[in-house]
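There are two complexes below, and they share chain A, which is joined by chain B in the first and by chain C in the second.
This part shows the complex of A and B:
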């Protein structure tokens, strides 16, 4: 492997890993606070991608204006969903939560098919097909943009969780619900924020990955399955775990698929997930690193 | 080059049309034919194209007086190129819509699943699009006398394509395909033909048709530097792959069964095409709108008039199979499944590709294949070869 190829593969891995991290972070955030798994996470990601394409084609605005609109729309959707569904569930209503989120997933997927049709779409931004060429090294601009957005947002979320009162309260709820309630933290308010931010991050990853990937109604579930594996390996509800495993997976995947078929890569990911569940049921970062 | 195509309105119209098509009752003056295709799912674009071809042919036949004094009426059932859905769709066409013959099921995996169903129900099925070589052994007199294939198969097309590449002096080839019967079957027969001609196969990769990420495969190709890249993808992976091919600034001419028109029109940017990034690409297909004949030019003009774009190979094959089926109904003399089946063995049709097509003992047809390519960023017709 030449050094150029090594760098290219590494950059690709980090770019994909940063988006995995962003996506899995939303899933882990919702789980950490509510202790419910959001099975519609992949569909919110798909809606994020569809929406940005629809906004850009429909109104002609550029990518940088459309992206915040998509994130805000996802955030609001998350808050509304929390108030309509999750708020009414009691702790331990796992079956209800599974049925509700799978139902939402089906409605979103088929709704997208009905509204936008099945044809795969590509986002045109003026830089989606541009590249930076350094000698033999070819770096797609879209991947650099995706990576930069992800890094910025991950940093913002980290600061938000560690430096603000709301963030501290949120971590408090994730660590110990009962104790958090006792010291006067408003559970519903914090949960609403967690779901809003979680779905917002999900819409954001859709808007960002739309730069690199084709957009179609069933694009969500492939990423969602991978994200479940990431969150489980990292330790359910562990935000740091989700981020670390997300990056690792992106980079490992990028190198391994050079020598193996992409099908066997999935085998590896889910094999690792089963191994972690067998030997470290709380995940690699289950207790020690939990935020 | 040109504008990118989106079909939201088309999809809406399609779903409305699907809903109404199901209500059409037989009034004694029509003969009902079923079409099962992928109207949704990753190959939905092809399903729409197939529907266009079928409807155009049916309109022509009906305005010329129909067959046996009856109009041809179509019933549609979606199968999303999924084998389980295909079985359901074929059953629905036979029992609910009471069709006398079926065209379908678009993708080879779906068609393979439908074959035993029509055999049991004794309703003739013609596939106009499923080119997988594995279908060859599963149809014909003595095997499944109810199933027919009106298109040439991937093995025949692959060997004519490879013979052409050999003449161009190609020494090494990498193969990529989607992980379906079509992709695996196409890649297999192509690799076999390549080895037969003494060309080296450097790598073979299969990907899930909904997989978005191709960088690993692209890096592998960059390292291996094959002379050609044989591609067996339907529209969703084809779109995703060529977008990333462009952003990697890869320059390996494609070959195999590549929908060149789609990649040129809908995927690659004008600048990349102009810079020669897609030049040297060749492909073998059952049809190309560039075909130089009066019959084809006239067909293309009529099609463009109706749908505002060139007929794809899927539309072409759908158009011809309906005409062939109409001839079979005339030959059979009665609007029953059994008579149509017998008629299919007698019917002959003058294909625009230049041969008179008919079903032989093994229910296959012989026809020419088109070799087309990309020269200076334009789709060009390179020649006909025996399919």
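This part shows the complex of A and C:
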């Protein structure tokens, strides 16, 4: 492998890994605060990608205008979903929570299939096929754009969680619900924000990955498979774990698919998940003691 | 607790169903009947692991698909006899269940649900990608027609839906009897104890891990063989056999029937296989409808129809009781 190829593959891996990190972060955020897994996560990502393509084709606006609209729409969808369905769930209603999110996933996926049809589509942005040439290096602009958006948002989420009062309250709830409620943190408010941000991140990662991959109604499936593995390997509810494992997976995948089929890559991801479950059941970065 | 005799009674009541092939002419409706019998097996197995043990397994479809592929590969590529291939499919499914079980039973129930879902998704990916074994999206067509030498009748080929119905029904009955027997036995009581309070069951000396694994293995065996039978029926094994559609249908049947109740789940399997056909709902909208049903059921009657009826009855008794009290005073 020449150094140029190495750098190109690495950049590709970081670009995809950063979106995986965003997506898995949303999943971990929702789990951390509500203590249930959103099985519809992949479908919100798909809806994000579908929506951005529908908006751009339907109204002719450019990517930079459509993306914030999609993110806002996902955010609102998250808040509405929280107030309609998830708010009523109690601690320990995990089967109920899983089945409700599976139901939502099926409605979204098959609804999209019904409305938009199964044909894959490509997002036409004006920079879809352009590249930057630096000497021997050829870097697609779309990956740079995806990477910069993801890094900016990751930074924003980090600042939000660590530098604001709301972020502090959110981390408090994730660490210990009972204690957080006792010191006067409003559980419902925080949960609503967490779900809104989580689903918003989902829509965003859909809008961003739409730059790199084709868009079709069952795409959520494929990413959800990886995202679930990411959060299990990183440790359910561990935000840092989701981000680190997300990046790692993106980069490893980018190199491995040079030599292996994507099927073998999926085997590898599954194998890693089983190994983590066997040897470190709470994940690589999970809280080692759960109460 | 009900006595096992009721099992025979219910099966006796179901006997008229065996006359269906001579009443119904249409092959289309007959193949739906075969599917209904297959779904009975699937939902009884899911009910065993979810309703009685409390483990939400999202990989029953993986065992079903594994069974289908094992049967298809063994009969079409290796000339193994059908009976042997079906048993092998059951064994393959059991091995897979042990792998998933050992890895994920020790962690939280959430981890089990996720790990089982990831396993199901992985197998569908593999069915598409491992082309040297599964021929990818093309699938493995042209499977042999099962034949059986029955005393007094002679050799019977189960080629048409009308004949295959008996084969699938036989397997459904075997499954129902066996699972019913397990549930009514010591093992069944241990399983319910685990569902109700795992720590308490453990502190009473139950080997929770082993019981969970036994239940999981049983449910995967019957599901795997049913998958093998089903692919013989449709005469092809392709990646759609791993479709999430099956998981969804199974969940709707078990949950709306009432997880942890035995007969209502079987009734729900039959109702929910036939209802969409009669309503003439297309594939995509059917899944949307199932999804909506699932969400609605979870919000309105989480114990399923059986639980709903039980709750209503209890409420009525309570009001009658309080009215009687009020009348007395």
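Heads up, the rule we're going with is that the second predicted complex is superposed on the first by the 287 of 291 C-alpha atoms of A that agree within 3 Å, B and C clash if a C-alpha of one lies under 4 Å from a C-alpha of the other, contacts with A are read in each partner's own complex, and residues count from 1 in each chain.
Everything that follows uses one rule, which is that a contact is a pair of C-beta atoms (placed from the backbone, for glycine too) under 8 Å apart; a residue touches a chain by one contact, two chains touch by 3 or more.
Given the structure is predicted, the values throughout are model-derived calculations rather than measurements.
By the touch criterion stated above, A:8 is placed in contact with chain B alone, chain C being left untouched.
With both structures placed on the common chain, the touch criterion links A:95 to chain C but leaves chain B unconnected. When both complexes are overlaid on chain A, the residue A:116 reaches chain B alone and has no touch with chain C.
In the superposition on chain A, A:140 contacts chain B only, with no contact to chain C. In the superposition on chain A, contact of A:39 is made with chain C only, not with chain B. After overlaying the two complexes on the shared chain, residue contacts for A:178 are found with neither chain B nor chain C. When the two complexes are laid over each other on chain A, chain A has residues 113-114, 222, 261-263 in contact with both chain B and chain C. Listed in rising order, the residues of chain B touching chain A in the complex are 4-8, 10-12, 15, 39-42, 44-45, 179, 205-208, 210-213, 215-217, 219-220, 222-223, 235-236, 239-240, 243-244, 246-249, 266-267, 269, 272. The residues of chain A lying in touch with chain B in their complex are 1, 5, 8-9, 12, 16, 57, 113-122, 124, 128-129, 131, 133, 138, 140, 142-143, 209, 212-214, 216, 218-219, 222, 253-254, 257-258, 261-263. The touching residues of chain C, when paired with chain A in their complex, are 50, 54, 56, 58, 99, 102-104, 106-111, 113-115, 117-119, 121-122, 125-126, 128-130, 244, 248, 251, 255, 284-285, 287-288, 290-295, 298-299, 302.
The touching residues of chain A, counted against chain C in their complex, run 36-37, 39, 85, 88, 94-96, 98-100, 102-107, 109-111, 113-114, 221-222, 224-225, 228-229, 231-232, 236, 261-264, 266-267, 270, 273-274, 277-278, 281-282, 290.
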